[in-house]
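One chain, chain A, links the two complexes that follow: it is found with chain B in the first and with chain C in the second.
Moving on to the complex of A and B:
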């Protein structure tokens, strides 16, 4: 399976590099966009050194984890963001007539070049501004992968709503933007019912807050719980996709693979 | 008599499929009211039964919306049926889809499986990973397919730069990479020019004769059916209206055969013609007649013509398959499912 995914990532990169200037421009734009936010926080903490116990280093870790996870999601699993559109247009046929698991195949079938910008920004920022210890760096790597898995599972689940609703592109886009937004703010800004939402409907808590806590202070129980969430979310979203496939209505639109 | 389902390449039993379609009588706002469904079931395929033997070449034909693509999508596991069952190479497609995928190939003329911005070789390499094939096996097959489909330098050109015909040759080669036992071809010649269409037909026939691949093809192109397939199944509004040899299809739906006669010397027009015959054109040295239906014998008509004077040339022609199919599409009354099934049990 890993060889299949690796081959796909390589081929997607070839496709992206077919238009090298566009690829470079998008990577650069994402790096600049992320950097502007961190610059904003840097200016903010110059004036107010602490927000609810958060300092600049914590915010850097928040951004580094989120950017790296969303970057890896974009670089490897951006196909997940196309599920709703393809379901609505009846374009899953290609994946259904091949022996590889259609969800895996669909998820890795697209790459967002901007993901490279995000991931590059996240890793460099973490290394340069958070100045992590070796243990923190190791934890960061593992946690970024877990966060990527949770993001992918969440997006697959939301996009798969299209099997039942017919169209789910708008709600799926909002879900992704909501997750990005909440995952890049300090956890302590939110409390009460909002926090419940952030660990359920918009799982920014598992994508960002828990990983940030673990990078700063490793806890095997919490890490185990996060891993369980990642596995559970993957199984649940896969089951939802499989269930949805029973309702799939193929289409006859002309289509080419990008 | 039916063959055992696990012996047939395809065995279909009471297979049906309905879709939910928006009810045109329900207004947009009414769909928001709970209990007001706004959709109604539309039958794409009524319960149908047929079998395809291994190594057979079968065309599934019918007008747009007759249920051809739905049938192929059910048989490849893309769709789940509303009722009935099917076995393809002994497996239930929608339950054993992944296993079945190793055994079948699916080519949709309107849907490319090649990477648009990359050369076909990249897709072949991807398919190697998809079908878990050894690199050495793929190298051998690609070399063989390159020769058979005259792919040559096409393999290394981005797909976006290929012509439709070149692309379709690459699509067929990609579909054969894993040596499938059954190929579903959904309008494989659509949009191709005459030469490319001819090449695709040749390749498909060769897939069958050389590799023993069972061919199940849909097409609106009469020549695809006539030149590639030995048997046709006609779908009309989701029902099988005809199932038999392609030659029988022509006999069954032939309305008239034409006889062109050229006389050595000018002859006068006849007063009467034999029963079941119409004189369509008369010139001093040339007549054109139409003999109605497939049952009227042509021989006595030709003898009657010769009796009118020395004949330089006679040409008897069936209507082209194009006209036969057009007649089938136009005339639903011509298709009596019960009668046809009785005629071709």
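Moving on to the complex of A and C:
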């Protein structure tokens, strides 16, 4: 499966690099965008030493994990963000006749070049500003992958709502936006019912808060729990997609694929 | 075909601008869903920023920060978010017009190309701004409660906001005109939105910036567009109106001159094939 995904990523990259200037500009734009947010936090911590126990280094780790995970999602699995539209238009037929699982094909069929900018920013920022130890760097690598898996599973689940609701683009966009936004702020800002939401409906807790805790202080039990969440979320979202597929109706549209 | 660029502002052009504005104002009803989507995003942002600033005031044990109380800070962020989230991506539309060649046909219309784009932009921006400000005010009321706003300062802030809309059109139109030379201008617009967000004082008032960064931010055109109207709305009186307008006019003069030159050079390069 990894070889299959790697082949798709390579092919998507070839397509993106056909417009090198646009690709480079988009990567650069995403790096600048992320940098502006970290610059905001730098300005903030220049004036206030900490907020709810978080200092600049902690926020840098929050941003590094989130940017790397969302970047890898964009670079490898951006096809997940197209599921609702394809379901609504009846455009899944192409994927249903392929030898590999249709969901896997769909998820890796698209790449967002901006994802490379996010991932690049996350990794460089972590290395340069957080100045991690070897253990922290190893933890960061593993946790960024787990966070990417959880993001992908979440987006697949939300996008698959289209099988039941007909259209789900708007709610899916809101869900992705909410996930990104909450995942890039310190965990301790949120409490009570909001925190429950952030570990269920909008799983920023698993994408960012738990990984940040683990990078700073490794805990095998917590790491095991996060891995279980990643596997469980993947299985649950795949099952939801397969269940939804039974309700799918083709648009019978003829199209050329180059 | 080459076209002679016209940038003179006369009574005829103002009438055409008004006509475009009114026609597009009527069309805005068709985009209620998209505006409402932005509303959901605004609510999330204001909730998070309100929480962040509440925690900051609590941690500092301060009554005021940068001259603002916590409720005022929440309303400040509400106003700056309304300025930013009501943005209209004119750059993308100009970029598309240049690539598809539609710009050539628009040039033949009364008033010229940029007049029609400005009329459409102002109509859309006004509707988005009123919507985001109203929704933001409701959220701010829930989060931090009401605050006293001096009527003259509030009116002055709206006037400066209108000037800021015009300045932003000039800057963003300049980015869109880059399509005459570049493969893709969307990345430049994206960078512009992020840099202006930070240096314009969207999330943190410029009074709280380190001195060196604050002095740079005050020179650039972003602060008069975002921080300026928001800070004026929270002032005790309208005495800040003239300095705020002076900053806008200064930025407009520089940006306007650059865009006028770009527009002339761009149209001189315009070549239309076929019909």
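Please note the rule applied: the second predicted complex is superposed on the first by the 252 of 258 C-alpha atoms of A that agree within 3 Å, B and C clash if a C-alpha of one lies under 4 Å from a C-alpha of the other, contacts with A are read in each partner's own complex, and residues count from 1 in each chain.
To be clear about the criterion, a contact is a pair of C-beta atoms (placed from the backbone, for glycine too) under 8 Å apart; a residue touches a chain by one contact, two chains touch by 3 or more.
These numbers come from a predicted model, not from an experiment.
Chemist: Following the superposition defined at the top, how do chain B and chain C come out on chain A, clash or fit?
Modeler: Chain B/chain C on chain A - fit side by side.
Chemist: With both complexes superposed on chain A, which partner does A:4 reach: first (chain B), second (chain C), both or neither?
Modeler: first
Chemist: Pick one for A:96: touches chain B only (first), chain C only (second), both, or neither.
Modeler: The answer is first: A:96 touches chain B but not chain C.
Chemist: For A:15, decide between first (touching chain B), second (touching chain C), both and neither.
Modeler: Only chain B; A:15 stays clear of chain C.
Chemist: What is the value, to the nearest 10 degrees, of the angle subtended at the Cα centroid of chain A by the Cα centroids of chain B and chain C?
Modeler: The three centres form an angle at chain A of 100 degrees.
Chemist: In the superposition described above, what is the shortest C-alpha distance between chain B and chain C in Å? Please give a whole number.
Modeler: The answer is 16 Å, the least C-alpha separation in the overlay.
Chemist: Per the contact definition, I'd like the list of chain C residues that touch chain A in the complex.
Modeler: Going by the criterion above, the answer is residues 33, 37, 40-41, 44-45, 48, 51-52, 55-56, 59-60, 182-184, 186-188, 190-191, 194-195, 197-198, 203-204, 208-210, 213.
Chemist: For the complex, which residues does chain A have touching chain C?
Modeler: Touch list, chain A to chain C: 19, 21-22, 25-26, 28-30, 32-33, 36, 39-40, 43-44, 46-48, 50-52, 170, 173-174, 177-178, 181-182, 185, 189-190.
Chemist: Which of the residues in chain B end up touching chain A in this complex?
Modeler: 19-20, 69, 73, 76-80, 97-99, 101-102, 104, 106, 108, 110-118, 122, 125-126, 129-132, 158-159
Chemist: If we count contacts the way the header does, which residues on chain A are in touch with chain B in the complex?
Modeler: Residues 3-4, 7-8, 11, 14-15, 18, 92-94, 96-101, 105, 245-246, 248-250, 252-258.
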